[in-house]
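After the structure tokens below, expect a handful of questions from me.
Residue numbering begins at 1 within each chain, and the chains themselves are lettered A, B and C in the order written.
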Amino acid sequence: NDIRAYARDVVLKEIERHAADGLARADYALATGGAMVVKHSEPFLKGKGNNWFGKGATNGVHNDAEKMLKPSFGEPGQCFPLKGSSGFVEIKLRTAIIPEAITLEHVAKSVAFDRSSAPKNCRISGWLQGQNTESTSDALRIFLLAEFTYDLEKSNAQTYNVLDSASSSIVDTVRFDFTSNHGSPSHTCIYRLRVHGHEPESVAMIAMQS
Amino acid sequence: NDIRAYARDVVLKEIERHAADGLARADYALATGGAMVVKHSEPFLKGKGNNWFGKGATNGVHNDAEKMLKPSFGEPGQCFPLKGSSGFVEIKLRTAIIPEAITLEHVAKSVAFDRSSAPKNCRISGWLQGQNTESTSDALRIFLLAEFTYDLEKSNAQTYNVLDSASSSIVDTVRFDFTSNHGSPSHTCIYRLRVHGHEPESVAMIAMQS
Amino acid sequence: NDIRAYARDVVLKEIERHAADGLARADYALATGGAMVVKHSEPFLKGKGNNWFGKGATNGVHNDAEKMLKPSFGEPGQCFPLKGSSGFVEIKLRTAIIPEAITLEHVAKSVAFDRSSAPKNCRISGWLQGQNTESTSDALRIFLLAEFTYDLEKSNAQTYNVLDSASSSIVDTVRFDFTSNHGSPSHTCIYRLRVHGHEPESVAMIAMQS
């Protein structure tokens, strides 16, 4: 009976976690939470040439880029494809945070048609942009947050802790550099990017740092 | 082995319930089932002034109000914000029913940025509007369906049974009065409202009552 | 302790399957995977007359027909309604495959308002259309893939293996004939159609067969 109660408990807890965006962890890069893509490398657009800056984009950000900041619900295709085997994405977070971990999610192996377009080697950095509208000025201190290899054999949503060296950094902008993928020469598909952490206790801390 | 079979059984049953809209219970306030928001208090619209009645609304109902009658899939932000710490919403159900229970859902604690905008004290009433287009005429009998306090420490979807005094009522319109929230002075976020019950066996019953 | 580990293992595996589109099986009829509805019988459109070919359609395919190739997430109403108690749908798959199984999904019993519109007897056939734009020419060999009865008492997503007689066929187009439904005289609701299988190892095989 104890074991029955235990089984039930495990089930309900794991389903609760699954229902809570899969990881039960706040995501400061979530589009509906107020985050946005501010920059990315050239997208891969089948049969549409290179004039995507015209109709499908705002300030150099493709209208579909937001897909990277939204759940995919296990569906192949709910991603944003970058051109080539490497690329980058810059995200303005919902608010300034002390980052703790990064999650990179691709589609699950069991439903994927082809996973050669999954990112492989990744390098994540972050900084406090604030109201500074000029891109990455010299005054900004850039933190290396994480470096990792996305492993096709592990769970499709992989979370990596932020490096100790950046454990007290405060950032509101995060850059994902995908330096290689799992084999596709034409494109690298980004299903979802998440940034976990907590808000600094006082605005004074932010002021001190910047 | 018995226990293994039992564990598997519990798991599959609970996942089935989760996959069935989380509660495995029909919702007569579901937008895709034909329900609609017919009235609500002033929405909270960041930086948009008070002229929302113009572009974003139809018959005094904001175009985003339907979000309250749709799943949120664990995403912060998939809600409709009412202005201030109290407010109300009126819903025309899919059809006339004998109401059994009410569910109020907010975002899960584990992924939320701030839950001070969650509703706290709620008062639910209902009536049979029928084809009567004039608002709440004297001829309509209004039933108090439930009064409850949304508890931030419990499951994020909380179901409350309809009061015994209303157990044989027939209603096609339900009003949610949120008389307080969990602390935010600026807005009260409504993620999802559900109304459970069953259809009366004959139309005669409706005719008798109205 | 062994049993506890086992319980946890079962839970995580089943949730993973649930998160992977419910079945953890690639679906070559998925809209976001590149499949599309190319033909269907007359839709059931409440109070909209028969002039749907005008505004709501492209090449005789209703704009909502794509709903049949997308997840429903347990929501009643996330379906495409065909007029009457029978009908058909033709789907161009993402790519040519050797088909292994067919899945027909209706809404779960626990959240449904009425399931008389569910399909009952179904006959699935397929062929290799290729670039041949003329409809079902004599040169095309049509394979009967499956015949089954959708059972309202079983799981809402029902998977049927392809007949042995078609086990080495290669198809890129699949036709679902719904020859009866579960009682509704007015319409038959199609929530989702899936086609499982694998890609042939070489294009030569396709060339040989066609």
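Here is the rule we go by: a residue touches a chain if its C-beta (ideal position, glycine included) is under 8 Å from a C-beta of that chain, and two chains touch if they have at least 3 such contacts.
What you are looking at is a predicted structure, and each value in this text was computed from that prediction instead of being measured.
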item: Set of chains adjacent to chain B and to chain C; value: A
item: Classification of the chain A:chain B interface as same or different, half of numbers criterion; value: different
item: Rigid-body rotation angle, chain C and chain A, from Cα fit (steps of 5°); value: 120
item: Separation of mean Cα positions, chain B and chain A [Å, integer]; value: 33
item: Overlap residues in chain B, where contacts from two or more other chains coincide; value: 3, 7, 11, 15, 18, 22, 73
item: Interface residues, chain B side, partner chain C - complex; value: 3-4, 7-8, 11-12, 15-22, 24-28, 30-34, 70-71, 73, 94-95
item: Residues of chain B that touch chain A when the two form their complex; value: 3, 6-7, 10-11, 14-15, 18, 22, 73-78, 108, 110-113, 155
